[in-house]
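Multiple structures follow.
What follows is chain A paired twice: with chain B in the first complex and chain C in the second.
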Partner chain A sequence: MISYDFEYYRPDTYEGAVKLFHQLNNESKNPLYYSGGTEIVTNARKNVIKTGAIIDIKAIPEGNLLRETEDAILLGANLTLNEIIEGSNFPLLNNVIRKIADHTVRNRLTLGGNICGRLAYREAILPLLTTEAKMVVAGENGLKSMSVGEIFDKRLKLQKGEILLQVEIPKKDTELPYYHERKEKQGEIDYPLVHVVALKKEERIKAAFTGICAFPFRSPEIEEILNDKNLSFEERAKKVVDKLPSNSRDDVFASKDFREFLMERSIIHTLKNLEGGI
Partner chain B sequence: MDQYKVIGKSPPRKDSKDKVKGKVKYVNDINTVGMLHTALKTSPHAHAKIISIDIAEAMEKPGVRKVITGEDIPYIVGLYLGDKYPLALGKVRHYGEAVAAVIADSEREALEALDAIKISYEELSPVRSIEEAMNEDAALVHEELDTYQHIDGIYPEGDSNVANRTKIRKGDIDLGFEESDFIIEDTFSYPQGDHVALETRAAIAEIKEDGQVIITSTSQAPFVVRSLMSSFFNIEPGKITVTAPPLGGGFGGKAGIQLEGLAYLLSKAVEGKPVKVVNTREQDMMASPGRIGFEGKVKLGCKKDGEIMAMKLHYMFDTGAYADYSVNISRAAAIACTGPYNVPHLTCDSLCVYTNHPFTNAYRGFGHLELAFAIERALDVMADKLGMDSAELRKKNAIKAGDTSPTNSVMDENTGDLSKCIDRVKELIQWEEGTYIPLGENKVRAKGMGCLWKAPAMPTNTDAGAILTFNEDGSINLNCSIVEIGQGTGTGLAQILAEKFKMDLEKIHIVTDINTRVAPHDWATAASRSLFMAGRAVMEAAEDALTQIKETAAAVLRCPSEDLDVAEERVFIKDEPHIGLDLKDVVLGYVYENGNAIRGQIIGRGRYIARRITGIDKETGEGKPALEWTLGAEAVEVELDLKDYSYKILKSACVMDVGKVIHPDLARGQVVGAMSMGLSLATDEAYVFNSRGQVLNNDLRSFKIMRYGEMPEYLVDFVETPQGDGPYGARGLGEQGIIGIPAAVINALSKAMGMQLKELPLTPENLWRARKEENTI
Partner chain C sequence: MKTYKDYEAINLSINGETRKVIIKHSDTLLRVLREKLGLTGGKPGCENGDCGACTILLDGKPVKSCMMLAIEAIDKNITTIEGLSNTEIQKAFVEYGGFQCGYCTSGFLLNAYALLETHPDADDDTIKEWLQSNLCRCTGYEGISKAIKTAQKKKAGI
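After this line comes the complex of A and B, so read on.
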């Protein structure tokens, strides 16, 4: 049970939502955008999230779009993971998000929520990082579209009151050869200890990672190593682990050492699959 | 041959449709006008002095009636050993211990006031493991253990952390090892966890103006609650009514006394108004008891041919901060310490050890699960040493009629056939195909076995009762005191009754909410003794009712009552079956055409009390504490990835000698459910502590139980060596399916890894670490 009172709003437009956010923020109500609610409800129940106002953004039409244009797949951020899995034509994304939570939760959990939520794993961002998707963001000055590389650094760098409305994935990249590998503590329905997502474009491997560090990332330095054909797969895997952008996670799910062990193995598998040869 | 009409068949369980459609009402579904609600403030520390509690601000919060702390209700509520207050008093002894309670008009308001309670603690260094607890200079979890009240048969050791020690001494241990050709010695362990019953614990209490105390609770043991409430709070037993509606799972965790005492004391604080206490999931895991932790040292001696000569056993149970049921778990483990094997020379010391971990109580398997883990693992280590097939080693030593148990009582003719169980489980798991099968370079399939035995651990005077009343249509109301905890015993008991009456099961109606005011006395729905003991009471009640029915019919039909039989809702003359009466015309008294009526209603009464059970000797353990033993063999097959140590359980098999299968589907359901718990416990379930003794995975986000989609193929079969004194030859099977599973899993993975694993949980990381440590030695 959530023990405290809060206001609930459900605007129909992103303009209305953004305006409302700033208004409620000025009233010190610590407003939160609410989409699937899987994190807000579970954390509010434990008093970990406290808010005076919830702005439900699911009625905003742009956020519920699932469309293919000639050269892009357009996904509304409010689509649930199951809606995307059942309706989108991007196998890598579908396979990655199918691993998040369980089927019942995926009926609620949304793409935008997974990317913008508090849980650090944000696995849905990984295929977007490797395909260099565009992120469509609504803010006080209307809509802006930015490359994921510009706006994502450990987390989506939204300004206060901004909403992730859509993602736009270049269609040709959705057909590239890909590989992903996810490792858990024991059962599959659990957080990732390591999740590696990679694809091969013009003979170069692009890869994004989560689980291993406290945030998801894609790193030019690591991609250099991955594509360094002078090194064996094993050497590359070791070197990648040396060049991680932060310390490896060490928590109740797994130790740092075990995560790094799994990471090396996942990288070797990725290279075997995308580069082949051995 | 189909000897029976209902027994041995699988009619749908009586409560299935309501359960599936959500119509069953559980305790927390009950809300009445004027009911007050509560929330608990719990300790963030594993061990600390309570310096002060400031409730002033919380008392001012909207809807708050009272804020209660340990000082307000200084009653001792320990089950067997008086070591616990309903709310911590003076000191907290584990992370998550309840320290204060808010009583408010709504649950929301009660929760909202929690933050306003200000508690100041002085942290003490916690006792963080069995090893630390057993150190000579260990901090004491209970400094005044010496002075605590306790039941007979447990032996707390003052000035230490040992809450109970049970000793078994049989044969001549030195001689046993002298005569052994091979000796192994090793330690096997696993940490604490939780039951994770779907329904969290809840209790509602109300005190009437005349002093009547009305309790509704998620209880497996409403009569235990009545009796203990009476002694803890000095209330006349007759003034206490406890009702136990169906439960959403118990697994032992709702046996004994749980939140009832607290609910009563809180009700008392608000002039007896109805007060409901409900655990959140996190509190159910931390503030209420979970599953015990274990460390077992086994020294095992065998002849060259595998004959077991001696066992020296040292079992230590991590009960956490309070003893609750656990002093009896360690005792039960001593009584059955060898597993189902004939061991001539034996010593066992089984200790219940206090730590500053969350406290624990009964959990499916009750000590037998833990001892089986140690013994069955040790047997595989020994089999490797002997170069012998581990199933053969087990068969060679399987206990049988005429052998003696660890407590030196002679196993009687009712002893099940373990060898047959082993043979059958080998067939199911295809043991002969090989127990180690490489699959290419990086994968291996492996099989492991674990045998089991279990007797109910219960008071010597444990009893059950049954009352039968009748309806106008001749149908029967079956009033037994077995709580529905998911196991479906009610349907099994109804089958026994239907069989006695040779009538359809549809005409038997079960009383589902057990109310101590009207239900016959019964110890508890625990220890896998319900079908056996209540089954016996039902049989006696049926005989009693049948006798009365025949007496009425004999008068009407003008024949000797011994010439009558009852079947298909008629009472009739055996050799002239067309002469008879419908039951409906007899059961509420027979009415003649002119209106005269005779004999009145039939009320069937049945009782059963455990036969010839004794306690055990303090120094040697001698005695006969076991009502009956259920024996069985289990095996699992795993597929392990040798590169990253991930694995799958492919198959899990169980064959038990249950005497007689009353309801095959329900029996299978119990066994499969138990196996899945064992698999989950072996592969993942364990509390993780930090260096301050705090639990890091106290919710279901981080404490994972196995999911439906992760289940292996389950293979279940039964052997039927009749239990002479069981109803239709049946004996208990509710818990047993879990017992051999953790051992079977660790044995399979040890085989797959080619090394001797010793600890649970068997996460891939722990396997990886075990391999790494082996390589560095």
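After this line comes the complex of A and C, so read on.
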């Protein structure tokens, strides 16, 4: 049971949603955009988040599109993970998000919710970071489209009141060879200790990671190491761990040393799969 | 734009009937079903989306009713365990002992029912993927698994 009250709004345009957000914010209601609700409902129940107003954005049509053009796959941010798995033609994304939560939760959990949520893992962003995806964002000045590398740094850099509306993935990137490896503590239905996601494009490996640090990331420095064919797979894996953008996580789920060991193993498997060799 | 600012009398379509109920906007669907409509088949377990004891069907898809607001269910078709009667999956659960203490049973039944309606030819991997959403603390998975496979065969006329 959620122990406090809030107002509930369901706008049917993104312009209306953004305008409403600023109005409610000016009234000090600490509004929250709401889509699948899985994270907001559970955190509200635990009093981890407090809000005076929920803006449910599921009725905004642009957020529910799933369309394939000649050049791109367009995914609305309000699509549930299962809707994407069943309807999109990007195998790497489908395989990565199939590991998030469980099947029943994925009937509610949305692409935008996973990317913009409070949980550190945000695994749905990993395949997008390895591509030249564009993120379509609605704000006070209308729509803007930015490359994922431009707008994602540890988290999606949205301005107050902005909404992630759509993701546009170049089709050529969705057909590339890929590999991903996810390690959990016990069962498959768990948060990742390490998740490595990689694509091979023009003989270069592009990789994104989560679990190992407190945020998802893609790093040019790490990609230089991954693609340095003068080094063995094992040497590259060790060097990657030395060049992580922050300390490795060290918590009740796994020690720093164990996570780094898993990271090295996953990198070696990734290189074997995408570069070949034994 | 739909706006709800205060206590609200809403209609919910549940098991083929229209039910009127007064809710506040922060009420979860699970709490409304159990505490305001007397539909106690869905159970509060973890209320965190992990256990699946609160599973209901929303437009035929299994969802965890502890993780959604009741107000979101307006204009949707809700099926609770009270709406399932004499189905193959229920008979198979009885025949193969697909339950021990019974607390998780309604969630398992609804999820398994939706699975067999959606994928009558579900293979082992699909069955596993769907059923991983529910936990049985008595560890009665063997009986549950047999019940689902039996119901699947009966539905296929095998």
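The working rule: the second predicted complex is superposed on the first by the 278 of 278 C-alpha atoms of A that agree within 3 Å, B and C clash if a C-alpha of one lies under 4 Å from a C-alpha of the other, contacts with A are read in each partner's own complex, and residues count from 1 in each chain.
The rule is short, and it goes like this: a residue touches a chain if its C-beta (ideal position, glycine included) is under 8 Å from a C-beta of that chain, and two chains touch if they have at least 3 such contacts.
Keep in mind it's a predicted model, so treat the numbers as computed, not measured.
A.B. asks: Now for A:44: first (chain B), second (chain C), both, or neither, which partner does it touch?
C.D. replies: second
A.B. asks: Looking at A:188, would you say it contacts chain B, chain C, both, or neither? Reply first, second, both or neither.
C.D. replies: In the superposition, A:188 contacts both chain B and chain C.
A.B. asks: Which partner chains sit in contact with A:252 here, chain B, chain C, both or neither? Use first/second/both/neither.
C.D. replies: In the superposition, A:252 touches chain B alone.
A.B. asks: Using the superposition described at the top, determine whether chain B or chain C touches more residues of chain A.
C.D. replies: Of chain B and chain C, more residues of chain A lie in contact with C.
A.B. asks: Mind working out whether A:261 is in touch with chain B, chain C, both or neither, as first, second, both or neither?
C.D. replies: In the superposed model, A:261 contacts chain B only, not chain C.
A.B. asks: Using the touch definition from the top, say if A:11 reaches chain B (first), chain C (second), both or neither.
C.D. replies: After superposition on chain A, A:11 lies in contact with chain C alone.
A.B. asks: A:104 contacts which: chain B (first), chain C (second), both, neither?
C.D. replies: Second partner only.
A.B. asks: Can A:20 be said to touch chain B (first), chain C (second), both, or neither?
C.D. replies: The second partner, chain C, only.
A.B. asks: Can you give me the overlap between the chain B contact set and the chain C contact set on chain A?
C.D. replies: 1, 4, 42, 102, 187-189
A.B. asks: What residues of chain C sit close enough to touch chain A in their complex?
C.D. replies: My answer: residues 1-5, 24-28, 31, 47-49, 52, 55, 58, 61-64, 66-69, 71-72, 111, 129-130, 132-134.
A.B. asks: In their shared complex, at which residues does chain A touch chain C?
C.D. replies: 1-2, 4-12, 16, 20, 37-38, 41-42, 44-45, 54, 56, 58-59, 82, 98, 101-105, 107-108, 187-189
A.B. asks: Which residues, counting only chain B, touch chain A once they are in their complex?
C.D. replies: So the residues of chain B in touch with chain A come to 107-109, 111-112, 115, 282, 643-644, 646, 683-684, 688, 696-697, 701-702, 704, 706-707, 709-710, 761, 763-765, 768-769.
A.B. asks: Flag every residue of chain A that touches chain B in the complex, lowest number first.
C.D. replies: That would be residues 1, 3-4, 42, 46-47, 102, 183, 185-190, 251-255, 258, 261-262, 265 of chain A.
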